[in-house]
Amino acid sequence: MTDVASPTVRVSTRPAESRRDIGIKRRYAAERRFRAYGISAIVIGLFFLAVLVWSVVSKGYTAFQQTTITLPIEFSEKVIDPKNERATDPKQLQTANYPVLARDALVKRLGIDPKKRPLVKQANDMVSDSVRTQLRDIVVADPSVIGKTIPVTLLADANIDSAFKGQIDLTVEESKRKVKDQQVAWMNELAEAGVLKKSFNTGIFSFGASSRPEAAGVGVALVGSAYMMLIVLVLSLPIGVAASIYLEEFAPKNRLTDLIEVNINNLAAVPSIVYGLLGLAVFVNFAGMPRSAALVGGLVLTLMTLPTIIIATRAALKAVPPSIRSAALGLGASKMQTIFHHVLPLAMPGILTGTIIGLAHALGETAPLLLIGMVAFVVDYPGSPLEPSTALPVQIYMWANEAERAFVERTSGAIIILLIFLVIMNLGAILLRRRFERRW
Amino acid sequence: MSEAAVEKALDQKMNTVPLKMIGKDVSVYYGEKRALFDVNLDIRENTVTALIGPSGCGKSTFLRTLNRMNDTIENCRVTGRITLDEDDIYDSSIDVVELRARVGMVFQKPNPFPKSIYENVSYGPRIHGLARTKADFDEIVETSLQKAGLWNEVKDRLQEPGTGLSGGQQQRLCIARAVAVSPEVILMDEPCSALDPIATAKVEELIHELRANFTIVIVTHSMQQAARVSQRTAMFHLGNLVEENDTDKMFTNPDDQRTQDYIMGRFG
Amino acid sequence: MSTSLLLLIIALIGIGAYFAGRARSLTRSGNKLATLHSLPGYHGSYVAIWAVLPALLVLAGWLIASPIYIDSAVRSTLPDAVQSQGDATVQLALGQVKAVATGLNRLDATEIETIKDGSANLRETLAARGVALAGEGQPFMVEAAERFNAMRLYSRWLMSAVVLLVAIAGGLYAIRNVTARFRARNQVERVMLGSLVVASSIAILTTIGIIGSMLSEAGRFFSMVSPAEFFFGTVWDPRFAAAGSEGASGQFGLLPLLGGTLYIAFVAMAFAVPIGLFAAIYMAEYASPRLRSIAKPLLEVLAGIPTIVYGFFALVTVGPFLRDISAQLNGLITGNYQNFIQAQSVLTAGIVMGIMLIPFVSSLSDDIITQVPRALRDGSLGLGATRSETVKKVILPAALPGIVGALLLTASRAVGETMIVVLAAGVAARMQINPFEPMTTVTVKIVHQLTGDLEFTSPQTLVAFALGITLFVITLALNIYALYIVRKYREQYE
């Protein structure tokens, strides 16, 4: 036996029974349960998001269509100006009984005997009351139409609009619903003839406040919101950036800057309604600015947005590496030059992202605006930020308080518009971040 | 001639070189902590002076006192007196910006601005008003890049970002950027520590050439580098200036035991 | 000269000063830029700042001070008969004088004559020109109004002259300073630094404004209603603020509102905290990067939706749903199809607010959990603990202070939330414990007391500020404490 016996390789064995019981099964069960809780929490959260979006969209998408009736309107002189006074009395054209023109045209179109009052009234209820202003505007703009017959597209009444969109349950007993069988019959007759039809609702973007849903829109509110966003942007971006530069680059570390720091973090968490109280007491009451004005709203939202912008800007400034600062200082740039030539441009994407998010927040903010009187029934476009105006979210709030079914549709439509704006702004912020994100 | 006489002659030869900067009793405090203890060190004109010593010995701190970069560090205090030509650079009548235009700086890690190569080089001349027309700027950019030995490599892509260059090129760009301001003194804080050997060799060669026009102070970790590029060497230890001497003498026959130990690699 | 014209002229002077300063620096340096201390642009800016800034300060001061001075001057010339009738009357008379003054500017000389000799009615003449007068005018008012107009005119001219003089003097002073070695950049940068300081002081001013304005208005309220009645009162019944009615006729008990606020916030937190916390744990500890990159932003969408949208959601979807389902349940069990959950209720508002708070809880906790150092996690896993055991026994205890801070921040949001409760909680101020019944909150009542026509003297309006400061103090305390905890927590792991 010359060769050395190789050491036997033996695998150690230990029967499973003899292993310590560390409760593996039970512990893995607990592990699975724990995971399941986590997943369900996320699913529940996303479920609510889906329900919320679905609830708004399903109620609101129809708001972007509007039922209209196109009728040949005879601008009869007998109705508009029976005594031929329009040359001497300019009020005549303003106060004439225009709805009669539409009623007569519809009665004629449907072939109703004008003497059957109830029928005529039912027919008249099919067109919106807004025909008064619509026809008046036509005549005032061009009095020569008097005596002529021209086709005009009129808004259908909100109830007919709902019925035509299939939102009214026609199986309900006739007396309990707002649209009568006769009206439905006429509606179908007109629809078949192509006189009554649905089309894209431009009105919701251009109209102002109205007590009639079909004539209500967010146009005026959008202008108010635009004024405010402009004010917020013009004020909060420079002030916020200036404040951040001071705090981040110049301020000595001492009690006072600590206080400012804590203070800004707190301001970011102060309830928005408190800013409304501030605006009411300081801007409206003390400084005597007009109530309901977009200027005051803009100032209040600026103060509210400032902390957000300052926090974002400081983070962006912090992210610029110190080596850039020393490079510029080493070349003999002053501290100001270093910051304005190098640091700030590099921090700009982060600053703009923060600003957009702050603006998006301000756009959706409602509570402080209620307090400074922007809950106003504003029909006309505000010509300047000093005139009474309202804002998109406030308009939504006001419509949400209206009982009529058609207003629910309008409210949801307005919310969709608001959400689209927010989505665009946030997407912009995300794109900006992606595009200019810099890893040092 | 006796050895002592030779040394004396050498000393005299070196001493004829005018002193560009004089540091007298320079001490630096970070808050309560003292980082530099009464350092007396002179910087000779058109000479490369190397500052060596173990980490944390105060050599970078001293370098940064020479163009007041320490001002940017909160609660850092400098005492003593440093002059550039005749002017006390810590005197209240001195504008720190003007000082830094005369005493430029190159940093440890290449830090080009995330802008084009052209803008990197022309930035200094622009803020100091060294040029007015496009042609003037073009010329400064070209000569600076040439001085930094980078011209041939980048002349076709001056509008590309400086951050797109390789590490060694970036560092030479930073040197070109410093040169463009035409400073009198250039401070270099371990300019090669982030570079590979080939890039290091190029930068060292560059330092050699720059010596003709500029006074250079370089902080380095590498004793070989100090030996290669400098004429004078100063050795720091624990915030004290241990020894200052001709580089040749320093590396062959240092006066101080600590220098000897450090050069032999016994600590550091 | 109108103010805007004046501003325009100042701006023009500023532009001129800029170019003058620039040009002078160039000539003084013999056209050699390198010998200048600062770039010519800085010299220009320096001169422009000296021309514009002092002038603007004088202008602002004048615009604020002159109306006060003129008012008091005109007031002192009012007849003794008016002066002796107390402050309110004087104030009223002064208002009328100003209206007359505006009107006089629109009349021509003959019309003014007819008014003066009494042959034409003051009020009617002015009304024809679109100026409404709050009462019958008295002869002395015309006189006072003329004095008022004259003083204003004089003040305007004087102001224009002084301001322009200051602008020119400032510019001239500055331009004399410009030399080659003049440190214009340092001067300009000092002004810039000053404006940065002013900007950052706005944050402080906002806080001072909030506290100051609310304290003063709430102080007026407490002079009419005792603080004890407000803070410990159990009945909220402010009645209507009838115009002109003096004195408090209603009851202003804070407790029912505070009860509703805390109750709804509690329901919301009870709903949001488990969901948000588990979501955060899952995303921080289990989720793949892919799932995380999708689920996290989607959940955060919930935080970006305006609260008015949540309010509407509660009003038209959640509220009716809860009402109907409670009716069905009741019918199944008792056979009586009577809903036991009101459409507007604590539960409705609480749930919807809870949905809104989920992302706050989840992202704040997510940040906190991911800050727990990896070493702790590895240590536990290396001992053979399962992930859930690691989370429960190691990570959560380590992250607990931070999470508590995050939850307090969330709670402060719940307390201050307005639009959801305005639309979904109801308006009845009641003290009760049934979550299916409506209750109301502090924020709802602030909105209610301050919408519509306001009269800043009635307690019905001023109570909103007392409510506001209560709300502010509660949320401030929560925030400061929460931010303090979170900060301490961060420092611990930095």
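Things worth noting here:
Letters A, B and C mark the chains as written, and numbering starts fresh at 1 in each.
Throughout what follows, contacts are C-beta pairs under 8 Å (C-beta built on N, C-alpha and C of every residue); 3 or more make two chains touch, one makes a residue touch a chain.
All figures in this text were calculated on a predicted structure; none of them were measured in a lab.
Central chain by Cα centroid: C, whose mean Cα position is closest to the mean of all protein Cα atoms. Of all the chains, the one whose CA centre sits at the greatest distance from that of chain A is B.
Between A-B and A-C, more C-beta contact pairs are found at A-C. Taking each chain's centre as the average of its CA atoms, chain B and chain C sit 54 Å apart.
Rounded to whole angstrom units, the spacing between the C-alpha centres of chain A and chain B is 60.
One finds 21 Å separating the Cα centroids of chain A and chain C. For chain B, the set of residues that touch two or more other chains comprises 97-98, 127-128. Shown for chain C are the residues in touch with two or more other chains, namely 185-186.
Residues of chain A in contact with at least two other chains: 334-335. Chain B contributes residues 95, 97-98, 127-132 to its touches with chain C in the complex. By the touch criterion stated above, chain A contacts chain B in their complex at residues 252-253, 321, 323-335, 337, 341-342, 346, 438. Those residues of chain C lying in contact with chain B across their complex are 33-34, 36-37, 39-40, 183, 185-186.
Residue ranges on chain B touching chain A, taken from their complex, read 67, 69, 72, 74, 97-101, 104-107, 109, 111-114, 123-124, 127-128, 174, 177-178, 181. For chain C in complex with chain A, the residues that touch the partner chain are 185-186, 189, 192-193, 195-200, 202-204, 206-207, 209-210, 213-214, 216-217, 274-279, 281-283, 286, 295, 298-299, 301-302, 304-313, 315-317, 355, 358-359, 362, 384, 386-389, 391-392, 409, 412-413, 415-419, 422-423, 443, 446-447, 450-451, 454, 456, 464-465, 468, 471-472, 475-476, 479-480, 483.
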